[in-house]
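In the two complexes below, subunit A is the common chain; its partner is subunit B in one and subunit C in the other.
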Partner chain A sequence: NLNSQTTAFLLCKRWALYSVTPLYKFSRAHLKAYAKLLSAYIATEKQKGVAVEVGVELDIKVAVSSLPDLKGSHQDEAAILVQISLRSQASQKMSEEKLVWSGWFCSVCGDDLSKNVPADFICLPVFLANGAESYTSIVGSWFQKTFDCCFHRLAISPLNLSWMAAMWTGCKVEENTSAIELVFSVPHLPQSLDISYAIHPEDAKALWDTVQKTPGEITQEEVDVFMDCLYSHFHRHFKIHLSATKLVKVSTAIASAHCDGIIKFLQSQYITEVLMLLTELAISQIQ
Partner chain B sequence: HLATSLPLPSEGDHLRPRIDLIVFMIDIKNKYSLKNVEASLAHVAASFFLGKVCFLVTGVGRVNYCSVEMSSIWKLGDIYCSPVLYCELELERIRVATAQRLLRMLQICAGHVPGVSALSFSFLLRNS
Partner chain C sequence: MLRRKSSKTPKEPLQGRQKSQSDLSAWLKRGRIDPEKSVQDHQSLGDQENDSKQEDSLEPALSYFAKVQDHVSVKSNSALQRHLATVESIALQRGLPPEAFNVLLSAALSDKLADTVNARLLKSLIPDSVIPETSVVSAVSWLCVSKCSSNIQVLFLRWLITVFDLIDHKEDLCALYGFFFYYLQDEKMCPYICHVLYLLTRKENVKPFRVRRLLDLQAKMGMRPHLQALLSLYKLFCPELVSITLPAKTKIYFKNIEGPWKAAIKTIRQRKLENSPVPQPLFLGTARPEARKRKWNTQLMIPATSTNRSHLEEVREKNHYLYSTDEYFPVELLQTFPQLLQNIHHLEFPSQMGSVLTNPLLLHYMNCTKDESVYLRLYYWLGQTLQEECTWCVVENSQNEEEFKNFLEILCRVQCFLHEGLAPCEEFLYRSLPLWDGLCCRSQVLRLVSWIPLNSFSEMKSYLYDPLALLFFTSSLYFKCSVLESLKRLLQNWLNWQMVHLDSAADFQTHSLNTTFSGLVNTVAELIHFVGMISTASLCLESNHTFLLYFILEFYETVCDMYLKYNMPLLIMPPAGVFYPVLLSMDPVNLNQLCYIMYRYRANLVAAKENERSKKEIQQFRFTSETYQEYNQYITAMVGCLWTSNVFQKDTHPQGLRMDDELLNKTTVKEFKTSFNIVYHPAMIGYAVQFLQQAWPDDTTFNFSLIKGKKWNWYLEYLYSKGLEGLKVFIESSISRVSQASRNKA
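After this line comes the complex of A and B, so read on.
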C-alpha cells in the first residue's frame, strides 16, 4: 500500500528496466554518504572529455533515500531511490533545482533470490531508470564498482509480454479505460513494418474471463488460448498470421511494457503486482 | 526436398523418391511455425514415427526473442517419440555441424549403416 507521493512519482513515466545482482555491504545507515560519493563521482565523470557549457554553472545534487512502503513481503528489502538534480546558481540566494534523473532499486516477493544469498548481501533485483542514458550508465558503474554487483538490461520476451497482456487484461479497472493495444514487428522485410492491434478493453476482458478457469491463477495454456483467439480474429479479417510476427509491445490500462525492457505504470493499485512480475523476470535473468 | 507444410501435393507422388527422414523445423521466435508443424504432423503416416522423424528447433540462441515455450516442443517430442535437435542458423559452424548430423541420421534411416536401425538410433538420441 503505497502513499500518494510515491505513486505520483512512479506513474506515467517510462522506466528502463535492469536486473541487478545482489549488492555487497550496502548499508541503509549510510545513504547520505553514498549520495555524496555518487555526486562527486558524477561530477568527475561529467568533466571527463565532455565540453562544459559556457555560462551558467550547473551543480549536481544527488539524493539517495529509502522507500519503506515499496516492497512485497516482510523478507523483501525496501526500495532505494536515487535522484539527480541540477542546481543552477543563477542568483546567489535562490537556486533552482531541477530533477533530471531518477533510478530506484526494488524487490517485490523476491524470496527466491534472497533466501540463497549470504549475510553481507542485500537483494534488490529490479532497477528502474528514468532520464538520460548517460546518467544511467554513470550511476550504474558507480554501484557496480562500490557494491560489486552487475547490471543487465532486462529485455522482455514475446512469451512474457503475452503473459502480461493476459494478466493485465483480467484486472478490474474503473470505467473509461483505454484499449488493449498489442504492437507486432514483422521480421524479414526490407523496410520494418509494425502492426498495431487495438482491442476494446471490455471485449478483451470478456474473452479472458471465458478462458481463465480459476480466478487468481493463470496457466500458460490459458495465455496461449487467449492469444490464439486474438490472432485468429485478426487473421479472419486481415489474412495475416500475427503468430508469425514478434510481439514487441503490450499496452493496457494497468501498465504498458516494451520488449526492450521499458515499463510504464498506469494504475496505482496495481503497481505492486506489476513489480512482482518484474522481480520474477529479473531473478530468472540473474540466476 | 523442402516443403512449407504437409501434406505434399499429390501431383508429384509418382515422381517422388522414397522418403527416409522427415525433419520438422520449428523457429522458437515464431509461434506460427509450431502451429504449422502441429497441423502437418497429422498428415504423417504412423510408420514414420519409428525413428524417421525428428524436430529441429532454430533460434534458441536469443532468449529474449522467445515466442514459443520450450516445454511445448519437448512435449511434442514425447508425444511423437521423436528426438528434438537444436540449431542456430546464423552461425555457419553450427549450421554445418547440424547438416552433418542430419545427413548421418538420414544414412541410418535409409538403412545404409549396417547394424544400426532408425528406431534404435532415435531411441539413443532421445535418451542421451
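After this line comes the complex of A and C, so read on.
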C-alpha cells in the first residue's frame, strides 16, 4: 500500500533511530514556513554570528513534506519527511541540488500514545535519520526548540533483537534471499570480538515453523526456544555458549537492525510491519 | 522651529513619570530609585550647607547657557568659565535637577560653543533623579541638524546609553527610532547607534526593510558584535524574519561605556538611597554547569528560556485581522516579579517547558495555569531526561554523576518552591530506587522521596517501601536517620497537601481526584505503619542508638498531632518496639520527647472523643477502641515507670514490663520497684545527682531517698528548670497529683 517512490527512497539506507515525545503545536498547514525557518536556522548554525534573512535563497535548502501513505491505523498521523540539500555553487543557473541529509518522523499503530494526548500535540514517536550527524543534531535541536519535544537515541535491546530475528525469519519473501546473519559480541575482552552466525534462510524458516504454534502469533517462549535451538547448534560445532554473549545485530531479507539503534529496510512490503515494532519500542521508551 | 521648542520645554511640568516604561532596564531600576524624593532628604548636614551656596548659582549658570550667543570664545571669557565650573561642581556634588537638561543639552549640541566646552558640558550631565524625555528629544533633533562635530555626537550617544534608564519616559524617544536607525550608516556612530537601538527596539520596530538594511551592513562590515546583538534582538521579536545563532564564546556585545557618568551617578544614587531596602531577585540557582562536549543530545542541559516560535507564526497570520504585533511579551525579557504581574495577561510559556525549572517567575506563572498541555510538555521532557541521565540506571553515564546531582538538586528546589511533587520525579523514583546503591546523589534522592505526591496508589509498597527497606536495613546508621527524616517530611507534605486540597475540594462538592478520602487516609496509615516497622527493626539492629531514637521520635511528633494540627482523622500509636526502648532509654532528651508526644496523643484523643460525642465527625472515621486501649496501656506503663513505681505489676501491654516479683528478686537489685522513676531512671539519675549536690552540698553519700515529699516537688521544679518541658506537660496533664491537690486545697 506504499507508493513505490516512497519505498525506493526508504529502502537500503542506514537509518539512525530516535524516539521523539509528542510535538507541541505542530501544524501541517505550515510545512513550507517550517522549511524556511529551518533552512535559515541551519545556515546560522553552520556559520555562527552571521544573521540570515528568513525566506531568502540559501545554499542550503530544506524541504518539509508529508508522506500520507506511511501510517498504520487511522489514528496515526501521516509521516513527516525533512530533506536537506545543498545547491552547488559552481552551477547556480543549473540549480543543481544534492541531497545530503534526510530524516522522517512516523507512527505506525501508535494508538497507545496518541489516545492519551491532548489535541495540541501530534504523536510521531519514531524519528529516522540518514546523513551527517551534524545535520541530525541541528534539525533535532530545531524541532526540540520549536515544538518542545525530546529526541533520544532508540537503542534496541538484545531481547528485542531476538524478537526481530524470529519474526523476520518467519516472513515469506519471494526472491531468492540472502542468509540470516546474527552478530554477537563477546563482553569483557581486552579487544572486541564479534561472532557472526549465518544461517541459510530456508533452514531458519524450517526451524521457526517447528517452534511457532499458531501462525500470526508469537510468544516470548517461542522466541526463546528458537534462539536456544540456534545456540545449541552453534555450541555443538564450536563449543561456544552464545547465550553468554550479547546479540548486537540481526540481518535478514526483511531488514537489518543493530543494537545501537540503526535499521535498514530491505523489503518494501514489510516496511510498515517493521515500523510498527519500532513505534512500539519508541513508545515504551517515551512512557 | 527647533529653538521655539527648546525654549518652551523647560517650563513644562514633568508629567506622569515612569507611566509606561515597559523595557527591562526601567523595571530593573524601579525600586532602587525614587525620583519623588528630593536630594536634600538624604544628605548630611555638612553637605547641605555647602550645597545651598552653590544652589543659588546654578540658576544664573542655566540662564547664561540658555542665552549664550553663537561662537563664544573660551579663552578670556571669565563668565563662561565660571558658569561652566558651577555646572560641573554641582553635577558632581549632587547631580543636576531635571529642568537643567534641556538648556545644557541644547547648548552643548548646538554649534554655539567650542567643542571643548560642549564636551565638558556633556560630561557633567549627571542627573540627580530623572532626565525629562523632552530634553532628550530636542537633543536628538539638534543631532539631526548635524551642526555638532562627530566627537560630540558620539559623546552624546554614549551619554544617552549610560543614562537611558533614568529618562522619565520613552514614548517620544521610541518614535524617533527611524532617525536613530538612519545614523547606522555613519561608521563612527554605528556601534553606539546599535546600542541605542538595542535599548529602544520594540516588536513593532522590527520591519523587513530594517532587517535587510542590517544584513547589508553585516555584508559590508562583516561580523560586528554590536550588529550581532541588534540582529539577535530582532530575531527574538521576529524569528520569522531573521535568524542568527550567536557564537558561544562571545559574551559582551556592547563595549562597556565607562565615560565620566557611571561612577558619579552611582555615588549620588548611593548617597540618596543608603537606607532604602533593595528588593532581592528571586533565585533558584540558575547557574548552569559548563557544557561539556558530548554527543548530540546525550548532554544534560536545561533549555534556555526562549519565546515560543511555533505560535508566532499563527499570530502573524491572525495579525491582519485581530491582534496587534506586540501582543506577546517575550519571556526572555521577563526578569522581575512586577514585570510578571504587569504582563501576565499576555505572557506565553517558553518554547521549551524544561526551561521553567530554572526560572522562578515562570514557575509562579505555571502554578497559576490550569492548562494541561503545559504540564504535559514539562513532564515529557523531564521524564525523558531523568530516564536518560540517571547515572545508576544507564551504564555509560556513570561519569556524569556531578551533572546529574545538580539536576536533581534543581528538581528538589523546584518541588520545594511549588510545594508540590512532579509526576515524572515520582515515576523516576519508582523505576530507579530498586537499582539505587543508596550513595549516589543520596541527599537529592531522599529529598525527592519526601515530595512523592499523596494518592491512593496501591503499588506503593512494592515500588517505594520494599526497595527503601532493603537499603535501610543494609546501610549505616546515618543513612537510616536520613531515610527517617525524609519520610517525616513526606508525611508532613502529605498532611499539608490533603489539608489544602480538601478545603478546596469541599467547595466543589466533588473530588477532582479520582481517589476517595478514605483511600488517602489508608495511604497515610500505610506510611506510618511502614515507619513503625522499620523503626522497630532498626532499633534492634543499632541497639537502641540515641541518634536513631531521636529521628524516630521526630517522626512520631508529627504523627501524634495529625488530628488536631492537620484535620486527619487518624491516630496511630508507636509500636511497642519503639515505645519501650524510649521509655527505658539512657538519654533524657528522648525521654522528654516521649513525654511530650504522649501529651499530644492525649490532647488529640480527648479532642476526638469530644467531637465524637457532639456527632461532628463522620462515623466512618471514628478512632477504634484499640487506639484508646493502646494509649491507656502505654500511659499506665509510663506513669507506673516514672511516677508510681509499680510498672512491674501494673503494665498490661503484652510486650510490656510486667514481671513477677520472683523473677525480679533474682536480679538481686534491692530497690527494683523504684529503679525507673524520675529519680532513679538511667536517663534522669544525672539530674538527681546534680540536684542532691545543690540541695545538700556537704552530703557525699548520694542518698536519693531524700528526694521525697516537699523535696520531690523541688526536684520536679529543678527538672523543669533544666528544660524538660515535655516532662512538665506530661506530668501536669496525665498525673493527678494528690499532694498538689491537697496543697491547692490548703
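Here, the second predicted complex is superposed on the first by the 274 of 287 C-alpha atoms of A that agree within 3 Å, B and C clash if a C-alpha of one lies under 4 Å from a C-alpha of the other, contacts with A are read in each partner's own complex, and residues count from 1 in each chain.
One rule holds for everything that comes next: contacts are C-beta pairs under 8 Å (C-beta built on N, C-alpha and C of every residue); 3 or more make two chains touch, one makes a residue touch a chain.
Please read these numbers as outputs of a predicted model, since none were measured by experiment.
Which partner does A:P22 reach: the first (subunit B), the second (subunit C), both, or neither?
Touch status of A:P22: second partner only.
Does subunit A have more residues touched by subunit B or by subunit C?
C
Touch test for A:S243: subunit B only (first), subunit C only (second), both, or neither?
first
Would you check which partner chain A:F234 touches, where first means subunit B only, second means subunit C only, and both and neither mean what they say?
neither
Of the residues on subunit A, which ones does subunit B touch that subunit C also touches?
The answer is that subunit A has no such residue.
Sort out for me which residues of subunit A touch subunit C in the complex.
21-22, 24-27, 30, 33, 37, 40-41, 43-45, 48-54, 117-118, 120-121, 133, 136-137, 140-141, 144-153, 285-286
Flag every residue of subunit C that touches subunit A in the complex, lowest number first.
211-212, 214-215, 218, 223, 227-228, 231-232, 234-235, 239-248, 250, 296-298, 303, 306, 308-311, 313-314, 351-353, 372-373, 376-377, 380-381, 383-385, 387-388
Where on subunit B does subunit A make contact in their complex?
29-33, 35, 63-69, 71
Touching residues of subunit A toward subunit B in the complex: what are they?
The touching residues are 155-159, 187, 220, 241, 243-244, 246-247, 259.
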